[in-house]
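Two complexes are shown next, each including chain A; its partner changes from chain B in the first to chain C in the second.
Right, the complex of A and B next:
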């Protein structure tokens, strides 16, 4: 896992990325937006499902959006929103007059995921001088916590968890952005973070 | 990007700005919409096609330009960004090409993006078909569950392992027989067994099942409260995917009412022996050829001077004599011998599996028992018996007539005796 210095640098980079994301989110929501300073954790993949169970409520449907990124930097992001946050998001995104369908709601979640993934992963790719390309995000909705049948994640062995709270005027949207990647990619990230640390000295 | 390259792509490509003004329109779209490039360049996409969700699309274009990365758009109000009518040989509900759009930065300085429009009609059709199939499966499953409930509550059914231990019992069967399911599980269906059932029946049953054949038969069973009932039982062997027999399923159908009716129909009400109708049916069955393998003998019996019994002691005493005579017959003969009251004071006995010697021995034993018996109000009586064995070329009539002749002979020779078929004895 990362050293305290590497973690500190990564935190700063994610902060910068989220600054860019905030502006995009504000534009998307057509409202003044703030994103809290994200908290970052690292997990081995074996603890991933258990972690998912701890971060979400028991009694709410869950929107889980996945987006694969490929190229020299590759992995997958998972963005999780609970129903309350989704309701808040939709309330801001669409006017009362519009006929809101499930498709509108799904599109809103996918769009937020896309913005957060692109800004965060894009920033990490930039500092690691790597190329990455984003695939079409997909969405799954789970009625309860029995969602964690994510066996397709087996090829990853490291998880970076970035939790953030977005505020749009009065409403709060709490999202969990999870970056799944292979340990080789983590080593590259550590190397890039060390280089940045060297440049700062 | 060179226009010639765009024209070679098998996806629709539009270059547009944040206000949806069209800068490029590739050949894929020209061919599918029948709108030439010249007709759309400089015009707004939402002006050309009113279905375009301009607010959503504009927002996504702005996000793309800000992020400098691709965003993705799946049209919501209609399943397409640009309406392309489709005609397919295979009927389906889709009238327009289903589209997915990727929005990529094209010229950031000019604020242009490239909309790549992918045809997802085939995958949407596949999805619709899949959903239909899933719906059908769900309906079938729901029906199956409903059917299972109906079966469970209405059909008396048992499932046993190959050793005959009960592993499942339907609610209908538990309720009918008066047992808790837990009491039945692990037990043998012989828990329902009635002592009157010949062991041969079950021997035959297991023999057939062991060969993998279906068994069907009428079985007299006992309920938990000790009452008996008749069941038509069908037992089927079941196999796993490898063809290995895994268990048996028995389906029980209560036929007690039918059996009672049948019994009334074939029973003489006074003596409770079988009646003449039953005798005729049995004879017909025997001479249909089904049961010819075994030897068969017949007795015809007449109570000597019975007319005098009625004349001297009255019909009530006469009826008592007939009843006691029938009881003596039943007590003297084997369970497998079929005793019949033919009418008046004449009786018949069918002796399956008996040759003439055995039949004569049984007849003589019966004659002696009758001779010894003291009838109520009347005292001692005797009987005459004609005994014959079925011959190879007999039919029902010849067999009966020959036995009747022998009865007549016994009577004319002085009564209280048996007369047997000497010719048949010689052949035997």
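Right, the complex of A and C next:
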């Protein structure tokens, strides 16, 4: 799918993009944040649901937020948080709130997804001299690891999986960010990566 | 001072209002949850509203369109974009449409203080 050089460059670009996202998350949480170096690998879409089942730890409810991006860089991000992480996140963000409702919880997850996904993809697009527009994110809550109704994702034939662990000074929040693309986008991506490789060497 | 705060996220609005109140404790705050609401509030209260904060990614009407409509209604409107979209092209687009400046999300006390000291608003 990608040559070793293209993959190495993409890894570095994602590291840079995640650096921006880390700074944004630290500001949001008002705490020192570290994001582990994201691991990147590629999957055919047929293996995607199975992969999702392996990345989440156990049978906790899962918050799955999706955000479509369009333009010369196009695809969709999926951000997954497990219930424990959501609880930690909400406890940290709503310190002044007397009563936390499900609406508060959903809103917090969506806003964190928005900041993390938009900052990461936006920075990637900027570095790669591409352009993208963001749609409003949506949220679904799964009682267990059954993602059967993600069939609408079949329009994507490639999945770039970028996974990271977010840690804060006192709270631990584990989030998985996944980027889905179509093969047409992969060709654009390869072209942009080759251009960057040409500029570097 | 009347300030219109526009974001579909309750958390984002509360965060912005919190840091705004540190500098302008007596400000009247109007909240809008999408671009259309913001535009409609602005048309009704344009004489009172001295500053508009506008997110870009919102349902019903996004911030790009709302900015264009508000500026078409009042070319003197003071609109500040608060968004996680840090792409130069997005920033060029909103600045070209008349936004005073762009603040990357999340908002913070330092960013708000810098905005007020800049003389832009």
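Assume the second predicted complex is superposed on the first by the 196 of 201 C-alpha atoms of A that agree within 3 Å, B and C clash if a C-alpha of one lies under 4 Å from a C-alpha of the other, contacts with A are read in each partner's own complex, and residues count from 1 in each chain.
Definition applied: a residue touches a chain if its C-beta (ideal position, glycine included) is under 8 Å from a C-beta of that chain, and two chains touch if they have at least 3 such contacts.
Bear in mind the structure is a predicted one, so any value in this text is a computation, not a measurement.
Novice: If chain A is used to align the two complexes, do chain B and chain C fit next to each other or clash?
Specialist: Clash.
Novice: Going by the contact rule set out at the top, does A:61 touch chain B (first), chain C (second), both, or neither?
Specialist: After superposing on A, A:61 lies clear of both chain B and chain C.
Novice: Check the residue A:136 against both partner chains and state whether it touches chain B (first), chain C (second), both, or neither.
Specialist: both
Novice: Could you look at A:115 and tell me whether it touches chain B, chain C, both or neither (first, second, both, neither)?
Specialist: both
Novice: Once the shared chain is lined up, is A:101 touching chain B (first), chain C (second), both, or neither of them?
Specialist: first
Novice: One more residue to check, A:125. First (chain B), second (chain C), both or neither?
Specialist: second
Novice: By the touch definition at the top of the document, which applies to A:24: first (chain B), second (chain C), both, or neither?
Specialist: both
Novice: Touching chain B and also chain C: which chain A residues?
Specialist: Looking at chain A, the two contact sets intersect at 20, 24, 27-28, 103-104, 107, 110-111, 114-115, 118-119, 122, 134, 136-137.
Novice: Using the touch rule from the top, collect the residues of chain B that touch chain A in their complex.
Specialist: 56, 59-60, 62-63, 66-74, 76, 100, 102
Novice: For chain C, which residues count as touching chain A in their complex?
Specialist: Against chain A, chain C makes touches at 8-12, 15, 56-59, 83-90, 104-106, 108.
Novice: Under the touch definition given earlier, write down the residues of chain A that touch chain B in their complex.
Specialist: Listed in rising order, the residues are 20, 23-24, 27-28, 30, 101, 103-104, 107, 110-111, 114-115, 118-119, 122, 133-134, 136-137.
Novice: In their complex, what parts of chain A are in touch with chain C?
Specialist: 20, 24, 27-28, 93-94, 103-104, 107-108, 110-111, 114-115, 118-119, 122-123, 125-126, 131-132, 134-137
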